[in-house]
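Shared between the two complexes below is subunit A, which pairs with subunit B and subunit C, respectively.
Up next, the complex of A and B:
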């Protein structure tokens, strides 16, 4: 394969990987915005908290399970399942965090002006950073064994390009979560009840939906997804105190592109931003930060409501 | 009134802090069909919303089977057996007719002892046969009359004892109005009490047992349909309605 084309393919795949991670953060943010009408500035910190929590959980798993150095298919499968389990457990750990944030801090101020919500969620952002610093310190922490372990699995021959196996793993995992999330909202009873609440909160109440429970559920789901995103992001990078900011800011870009509160829009927006950012890093580095914002600006000018309508009406 | 199913007393309800009803009193007995007639803005919708717990009640009482509804959470009201069709329908757009009927059962079916979801939904199509062919249609593509029927059908999904219908006949073609009147009568004949709000006094006499007339947030007259329809004061009042 020609090197220019290979670079393009590799960077597109990298962008897709980042896009999926971004979607996991942005989907929670946009669904919370669509249903609770709250712009949760602390959402990026749930991602960062997930990243930190995952380091310990990954450490436990890699300590207990041998990395697939020998290449044996059995050890490989066990290792991959172990890593998957660690990622899911990280998401589960974030659920009580989300439940407490929603039920203790946000619930009392739903009726207030949105300024209160912005101030409160910004305060929560600062508090979560401090708690993270208190627990894990301010030095970046890594978990190299996961990245190198998964990369032992040879996939380059299969793909015909040089591409880290971990990134393939992250793309597949991201795709599975995306499909699962859309299935949840389109097909399951609970998912459709949540959508009905998004479409008309008052009418949902009039058929017996407890909006308090839906709010808590939505926040818990957002925290779960952010936790998974944090865990997926850590192995090739590191957990750092400021890592929540970039996904939060890019998530804003994503939901403006896709349409406020639109899940499908968040998916399209996340992939566009992820791939574009990745191309820029490779072909025109100064454009890395500017490009997503330029797209957002164009969308705001041409289609201010975003590419897709309000969420709920379509899964 | 004896064995009152719904009993509203001296109800003062507010919309965005401003009182709209100024002491509404009304009763609906088990299986009865009652009309609440008044001009636009007289307080019909606010009365219904107060019964459902969807707007602030400043004072007064709303009792259903003896239980004070103003003291329970609003999502429990449908679970007690009151179905509500709002004036502007408020359908769950983007979803099918069938999903709109099933959502109440998914959320509250247990509380209403609805154990057979499919049979319950079939009963709704029995009562509203016009929708039978539109089961899988998204609700936003329906005609105005069909959309009203979906809102009524959804309110029936929890096998209610009382149905609140807020202007079910408004804005529909005459032939559809006649159809819908037949369906409402049939619902009532199945033993479900119905309270119908209408701004057009000529619509309700043939489908209700009694009528209350509401004006400026107060009940100003009540009685059997013929008496109310012939009442000159009521006629004067309704003629000045500029009924939209």
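Up next, the complex of A and C:
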């Protein structure tokens, strides 16, 4: 069953690609939850906002750089670098958004009842949806040139299977971000300070860490990752107003599977959810929606604290 | 003990039933509220004559049923301090149960449909509660939202349930559920409204009983400190689960009422997580520290949304902004702010006091101005420092 095997491989890779996007959203959400103790319901809308913003940035880049013609290695490299730059710029655009949201809206309510921060992030969700609608309109917008441009580069054909090069690109990019994120939290001083704050807020303050700064930094980092995720997600699909909900809810599933605030757990959870969802699409379509939730329910019954427990001690 | 007038602390109070003793003012308010509730269909006709577009039976009914679900949510929120973000799950379960029973099981009786909706809502609350209550705090909120979205996705994906188009609730030849075997014809909307009003009143009375029972104090204790509650021998898990199921029952009933009134259910209108958010919003808007707050909040929010929708396509921005103002300015909600010790009472008291002292000595106005100026300068200084800390890391 060569074709069956090929389907399996292709679907696994597709799932991996979606899993990486999901990880980018879920990691921001889980780190914000672990450190700020805030469930950011507006996180999915930051993802959607990034997707919309990226369309314009992609448009600018593809307008300035010609799509690679097959065979031309120089133009190919320039094009890929251009697209990478566009994705990073989208993330950077989201940073000030995150800083403003955290310092203006969230900071005054850390001390209050949890219900207020939930309705606050819900209010931000409603507002961001309408701001997006106001700026980009009610119709889905696409950017086809990026997807088709990158797909002209032959990669998977070399192995004898048909698989869009863009997805390979997205997987590689996702893997790089994952490694970078783990490096940041495990090796850099700032990352260690963030983790120290997660483990014990009072102690961190006592040794001179400004928790205000850490909180803003973490929220901005979450927004940055969500922006990148939005930009990566747009080319094969489209930017729509509803696109924020699904990653948000699946991120919840990922957090439950991986464990509250655990980065490693978020990674494992995201890959599991992404791949499983993708398998279901080709082998048992009705199970696509239910499968992630089924795993979530099992994890809740068997290991309620999630696969990797609490984050902080290790990255 | 029979109803009548009683004397308490030197003031005349009205006893409605045993235990329910109200001051004269509150009793008058209660009577006015009940009268208003039952007068809505007549007032709607007046409003139509006066061309007031938002005062429609459908709008008020929608506000009432969603507010009723919020009353249920409030039991959990107010006493156990658990924030459920998935109450639309029970609302939607109730609504879809009514629709499925009517379409596939040929149930024609309106009251039977309501009973089935209540029963299925209860079962759903039992299952989701058993799974979600393994956690508390934000984790619990996250789980309820996830389970709610699961139900939404199921309703959206099943062609038997009509997918994203939803499905009608139309048994019988008259295209509507029957009451005691009778088709209601033109009176259908008004009669279902009256049924809703009765159910809402009974539900409020039951909730009032619950929050004046020892059970409520047990929940309060659990909400304040779980470990201590366990130490004094309270069966914490069972009690919280029971509270969750009770609050789910209110959602199921509300969903059933919604379905039979509308005669059509859609996943977006009943199960979507924005509806869960709205239900929570209503509780906060009306005042979640009060019994009636969520119901008032429900009607106010739905009317606000209706008016907002007709004014601007960006009504969600509008409701979001109102919510922000609420969180920062009026955390006690409408009913909480109007009540004793609320923001309004205090503001009125302060204004009265201010006017009196101004009359005595007009020079206090200068003092006030100086005080406001000083406060403002302090605020600006503080925000500049914050900005500096955020940007450069030095204070």
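What we mean here is this: the second predicted complex is superposed on the first by the 313 of 315 C-alpha atoms of A that agree within 3 Å, B and C clash if a C-alpha of one lies under 4 Å from a C-alpha of the other, contacts with A are read in each partner's own complex, and residues count from 1 in each chain.
The working rule: a residue touches a chain if its C-beta (ideal position, glycine included) is under 8 Å from a C-beta of that chain, and two chains touch if they have at least 3 such contacts.
Since the model is a prediction, treat every value here as computed from it, not as a measurement.
Of the two partner chains, subunit B is the only one touched by A:192; subunit C is not. By the touch criterion defined above, A:129 lies against subunit C but remains apart from subunit B after alignment on the C-alpha atoms of chain A. Which of subunit B and subunit C touches more residues of subunit A: that partner is C.
Within the superposed three-chain model, A:216 lies in touch with subunit C and out of touch with subunit B [touch as defined at top]. Legend: residue contacts after superposition of the two complexes on their common chain; A:249 is shown touching subunit C, with no touch to subunit B.
By the touch criterion stated above, A:202 is placed in contact with subunit B alone, subunit C being left untouched.
The contact surfaces that subunit B and subunit C form on subunit A in the two complexes overlap at residues 210. Per the touch definition, subunit A reaches subunit C in the complex via residues 33, 37-39, 41, 99, 103, 105, 107-109, 112-116, 118-120, 122-127, 129-131, 133-134, 210, 212-213, 216, 245, 249, 252-253, 255-256, 260, 286, 288-290, 293, 296-297, 300-301, 304.
Per the touch definition, subunit B reaches subunit A in the complex via residues 52-54, 73-79, 84, 86, 90, 92-95, 99, 103-104, 106-108, 111, 154, 157-158.
Interface of subunit A with subunit B (complex): residues 189, 192-193, 195-196, 199-200, 202-211, 312-314.
Put simply, subunit C touches subunit A in their complex at residues 77, 81, 83, 85, 131, 134-135, 137-139, 141-143, 145-147, 149-150, 153-154, 156-157, 273, 277, 280-281, 284, 288, 313-314, 316-317, 319-321, 323-324, 326-328, 331, 386-387, 389-390, 393, 395.
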